[in-house]
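Take a look at the structures below.
One chain, chain A, appears in both complexes that follow, with chain B as partner in the first and chain C in the second.
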Partner chain A sequence: MNFKHKFVFLFPGLFVLIGILIFPIIFTIRLSLSGWNSYTPEMNFIGITNYIRLFTDDPRFWESFFRLSFLSVTTVILQYVIGFALAMMVWREIKFKRFFRVIFLVPMMTTPVIMTVIWRTFFHESLGPVNDLLSGLGVKPILWLSDPVIAKFTVIIVEVWQWTPFMFLLLLAGLLSLPKEPFLAAAIDGASPFRKFVYVTFPLMAPISIGAIIIRLIEASKIMDTVFVLTSGGPGTATETSSFYIYIKGLREFQMGYAATLSFTYLVIMIISLTIIAKVLTKLMIKE
Partner chain B sequence: MKTIKTCVTALISALLVFSPVAYADKWSDQFPHIKATGDIPGDCSYESMSKKNYKGKTLKINTHAVPVMGEPTALHAEQFAKLTGAKVDVTHTPAGDLYAKAMVPFQAGQAPYDIVFGFSNFINDWRRYLEPVPKKYVEMKQMKDVTPSHIGVASWDGVMYQFPVDGDRHYLKYRKDVIDNPEYQKQYKEATGKELRVPQTWKEYGEMAAYFNNWDWDGDGEKEYGSAEVMKKDDLMYAAFYSRSAAYSKNPKTPGGFFFDLETMKPLINNPGFVEALTDWVEATKYVPPGGINFGLGDEIGSFGGGQTLFSFSWDDAFVAAMQPDSPINNKVGAAQLPGAMKVWNRKTNSWDEGFNQAPFFVWGWAVGVAKKSKEKEMAFDYLCFFANEANHQADIGIGRFGVNPFRNDDFKVDVWTQIGWDKDIAQSYVDTLAQMEQSKNRVFPLRVPGTFEFNAALATAAAKALAGQLSPQAALDEAAKQWEDILNRVGKDNVRKAYAVGVAMEDNKQ
Partner chain C sequence: MSKLYTFLKYFFITFWTVFVVAPFLWAVSTSFKDFQSVNSKVTYIPWLDFEPTLEGWRVLIKSPAKGGVDIVEPYFNSIFVTCTASLISIVLGTLAAYALSRFTFKAGFVRNNDITFFFISQRIMPPIVLSIPFFIFLSTIGLLDSLLGLVVVYIVLLMPIAVWIMVDFFNRVPKELDETALIDGCNPYQAFYKVVLPNSIPGLIVAGMFCIIFGWIDFFFAFILTFTEVQLLPVKVVALNSSITPWWSLSASALVSVAPLIIVAFIVERYLSKGNLSGALK
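Coming up: the complex of A and B.
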């Protein structure tokens, strides 16, 4: 096979890569340098005006970004802890193991938007069953969606409920693939369950844990549907996340050029921060 | 001979009188939606449409989600298809996406929809992509009955781009069984030293709402609350804020702009009038139902229409929903103009003018146009004309969830409403309220300038921050004003001024 033939085989893959990955990114960069909006619907060139606006005059984007960081880190930590606990539970020989494995996966299989509508109904402050239940127990109604602080935790509850099964699934797959020998050795040495977990299970699970956490962080950082349906970013801007803010700028206010600037900046920040997080997690969790 | 003559005359008269009914029945049998009136003769009546033949053609419509406006669009599409043989495809879209769903193909030079529904304040951005309403429709009898304000809302520089199907304004709705109750009037007087009456000012509104908050005042075993309002950001809340601001900021002595000073184009939204309104509104968060700070329009309609609150103010839908026969508060509600204020800000003297001031807000309403690039323009306009024909319109305005509200002079007749079961005095208060607003010389019209969405969104975000306690009313509105300045610089002051002047001329009664 000569050199040219190799290219013939490479072209389809390259073409697809350029079409679905490179072109949209280049187009977004070009769009971010334009002032495309409802009253100037054209790909004009305005240089880095949008970037200057973002870095000097748009605190709302940065607030939404830090809020997103808080929400995604908190939800992923909770999902990891709960998901690991559930995976450990059904990894053992327990009764109805198969039943529990299926049940734990159900939230992930439901449609996020529909489930969020149901959660919103649950948390409805005057008509929802959660406050009714609390009143029955003599607890004052909680402002699940109207208090700026509590609303953030309501979003976290829904996200954790919806996506913990994903973490559970990955971690359970990891547990099932672990070699038996280190556990046998630990048992022979008379290690307690706690020491077995700390010195055997957890270190062995570290690579898959890092993978699961990074995958979930990538997904959690795009949180949009839950916020859109549950709170619309409110009260005020208390639950507004970056993706929701970009949606508002792009498809509500039709500032396409500026929304592209936000999207591209967000992409760059995410690539950098997730790379750093992955490095830090590797350093912390994997001992040479 | 005389007897025969009398009999013949009587027979002819009877035929003339009853023939429309017989004629109407022919159509109402097939289309029960219009059973109350039957078909009403006109250029776009059922009879006229049945003579059109659009077999083999397809009409594509993008409208709002069901039920508000989406349900009547689909219903009339089905009727239109049966009458003309056309195929009508209706797409339902959430309110927040209506603008973009039309705008993206518009800007790409495409017309995936022949007819696009939206709001009347889209007119400035959409008009270059819409076909002006042809003269033949503008001059039709049914169009001649549309009130001048709504012709104005549907037109730009004298050209009609949007086909009038809905008429909107904000007004006050209240529980008549409470406000007119002598027992409560006495109790309120003893507790506050003030009269319990239809609130004349926003301060009175707040006091009464606070008094009737969080206790069971209608004896149904559940707590009721003071007021249901649209407070959810991005869900039309800016319209509610403008309604609350009009009385404090629309000064008849200072023409030349409500949102901006037309001369300087300085945003006025952070002047003391608007700040006073926002301060009242922040106070209102204490007398809305739990979760009321997140109420969108649907929640507001459901809350007041379901008997949960004493007051509400927004579009007609909540009132009409409350007056439907299946409503728990049927014939227990009243309508009145939006409350006023005992002072109004004068931007020329930079001080308050003392004295009663009231200013109706003609909020944008549902609007619909035909895409310039549509290949089925004639059929599209026929559909819209049919949608708004007299029989359909009369049936539609009596159904709260349809979101079709009065915009014709005939709608301001009491009989239209008593025929559908409303008590006469309630119907009278309703039509009087609407008519007074039409006649007012101190009206506010919606902002219809390039970048309308950006201006309103900036204001809504700032107001939402104040309602959530993230910022003080003054700080929130200063933030919004700063953003309005930035938007003005981006869009171009002169572009905005030119467009804004059209609305100001209407407000200043020059058009």
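Coming up: the complex of A and C.
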């Protein structure tokens, strides 16, 4: 009976979204088949030349992609473990529970680029407090931003600071919505806290965990702001992620056609790999 | 055993609290420094380590002509763009979420879940992929470097969040509620507006908060799609970071920029403690 009404509800949102997105996507695909750059800024047709270049002659893109995978998987695992631990700690009654909950939530409310600007001064190699405090302990200055290996970990530290709260929020909301009965049963059986966690809490939290991890992986795969401000992809290309590389090609070197090729390929890889990860995680974490 | 556990627990909580708070404390301290106390050696505590000045804060309200950092206009721009885009996203997203939660759609192999997934999957789209076509698209229709152009782009970022939270929320609002209203003689729109919506306020608030957070913290689109006419807060603050950085005004403006949303942390915590969030976020 509500045959027509349902469309009135759905269509405004759906069509606004499609309307805004359809042009960029078609345009990206078309642009990826052109040689648009700063010398010839026009929509000519050069077939799949760009794609051949990407798959045969551009190790820098693939390196940036593997770097991105490393960074996002590492940060999300750390965020999950720390976020789960924090959520467990303030789940039940402890002193100043609400104070700690607020504190643990604060970083996700702050603008990543702006906090990264602060982190940059924080990790400054001669004028920042970290190296100064470490030197008080007799540790030699650490090259937080100019050593290719350490710079990756600096990015990870900042990302973990920024986004663990989101994981914490999703997991704590999940914990608070769990039914009470399984815990009562475990208490009657006299299960130790460790066994309670392994056999009751963790399995009950599995669906929520998967959701939280996937949401965070999606967001982490877009990591860009932090890198942009903290290291600008450097030193060299040590912290350059796919987005940043596409940004350099497209909006700094104005190789629009090639950047569109990179974008489209990147998008397809993202969709495929996130779908696979979601399937694998579901299999791993929900056994029965 | 349990003593050790308690010790470790408080140790970890303390450690994490310090880690969370450290950059803020550093920023507060730095915002009162002058050139001398930033560049000579690392200093921490005002009066003890260095003589505090208000210079970093004063430049925030000075006009740019007098060497100030004008963040008032970017501030209002950011508020305007975030709120407008959030509002539009919430309205459209809530309607769509209601439809997806209550009615069944069939078109070829497409079902409700697929449509929901289409909405939510827009979050997968890396900003960089959209930025180049949007850049050209907005410059064609003359909306590059304008507030309206940014609002359009932000709707794409925010509507998926609104749909994600509201579909789950409506699925938890009992169907009998709108059925009763329909039997009582309401048409579907009245049932939605008068009965379902008033019962969905917690969900709407959560969705609204998430839209505002993710709108407010965006940097990339604002950075690429605006230049001089319109500037948003994050872009303005990051611009201070270039060349010779005056750390004091940088810290002061950073603190001013992140302050409003910290209030959101308190609201979110209230909802958590009352148990309203659990339903809305699962």
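Everything below uses one rule, namely that the second predicted complex is superposed on the first by the 270 of 288 C-alpha atoms of A that agree within 3 Å, B and C clash if a C-alpha of one lies under 4 Å from a C-alpha of the other, contacts with A are read in each partner's own complex, and residues count from 1 in each chain.
Keep this in mind: a residue touches a chain if its C-beta (ideal position, glycine included) is under 8 Å from a C-beta of that chain, and two chains touch if they have at least 3 such contacts.
Owing to the predicted nature of the structure, the values given are computational and were not obtained by experimental measurement.
Asker: Once the shared chain is lined up, is A:277 touching chain B (first), chain C (second), both, or neither of them?
Answerer: Touch status of A:277: no partner.
Asker: In the overlay, answer first, second, both or neither for which of chain B and chain C A:238 touches.
Answerer: first
Asker: Which holds for A:103: it touches chain B only (first), chain C only (second), both, or neither?
Answerer: A:103 contacts chain C only, not chain B.
Asker: Would you sort A:125 into first (chain B), second (chain C), both or neither based on which partner it touches?
Answerer: In the superposition, A:125 contacts chain B only.
Asker: Using the touch definition from the top, say if A:251 reaches chain B (first), chain C (second), both or neither.
Answerer: both
Asker: Under the stated touch criterion, which partner chain does A:35 make contact with: chain B (first), chain C (second), both, or neither?
Answerer: Only chain B; A:35 stays clear of chain C.
Asker: Can A:200 be said to touch chain B (first), chain C (second), both, or neither?
Answerer: Touch partners of A:200: none, neither chain B nor chain C.
Asker: Where does A:170 make contact in the superposed view: on chain B (first), on chain C (second), on both, or on neither?
Answerer: In the superposition, A:170 touches chain C alone.
Asker: Hey, is it chain B or chain C that touches more of chain A?
Answerer: Per-residue touch count on chain A favours C.
Asker: After overlaying the two complexes on chain A, where does the chain B footprint on chain A coincide with the chain C footprint?
Answerer: Dual-contact residues (chain A): 251.
Asker: Could you pull out which chain A residues touch chain B in their complex?
Answerer: For chain A paired with chain B, touching residues are 35, 37-39, 41, 57, 60, 124-126, 131, 141, 143-146, 148, 231-238, 248, 251-255.
Asker: Over in the complex, which chain C residues touch chain A? Could you list them?
Answerer: Per the stated touch rule, the residues are 5, 9, 12-13, 16-17, 19-23, 26-27, 30, 38-39, 41-42, 44, 92-93, 95-96, 98-100, 102-103, 105, 115, 119, 121-137, 152-153, 155-156, 159, 163, 187-189, 192, 213, 216-217, 219-220, 224, 233-234, 237-238, 240-241, 245, 247, 250-251, 254, 257-258, 261-262, 264-266, 268-269, 272-273, 275, 277-282.
Asker: Looking at the complex, which residues from chain A come into contact with chain C?
Answerer: 2, 5-10, 12-14, 16-17, 20-21, 23-25, 27-28, 31, 82, 85-86, 89-90, 94, 98, 100-115, 117-122, 127-129, 132, 161, 169-170, 172-174, 176-177, 193, 208, 211, 218-219, 221-222, 224-225, 228-229, 242-243, 246-247, 250-251, 256, 259-260, 263-264, 266-267, 270-271, 274
Asker: Quick one: which bits of chain B touch chain A in the complex? Just the residue numbers, please.
Answerer: 96-97, 99-100, 103, 107, 125, 232-235, 289-294, 308, 450-451, 453-454, 457, 461, 464-471, 486, 490-491, 495
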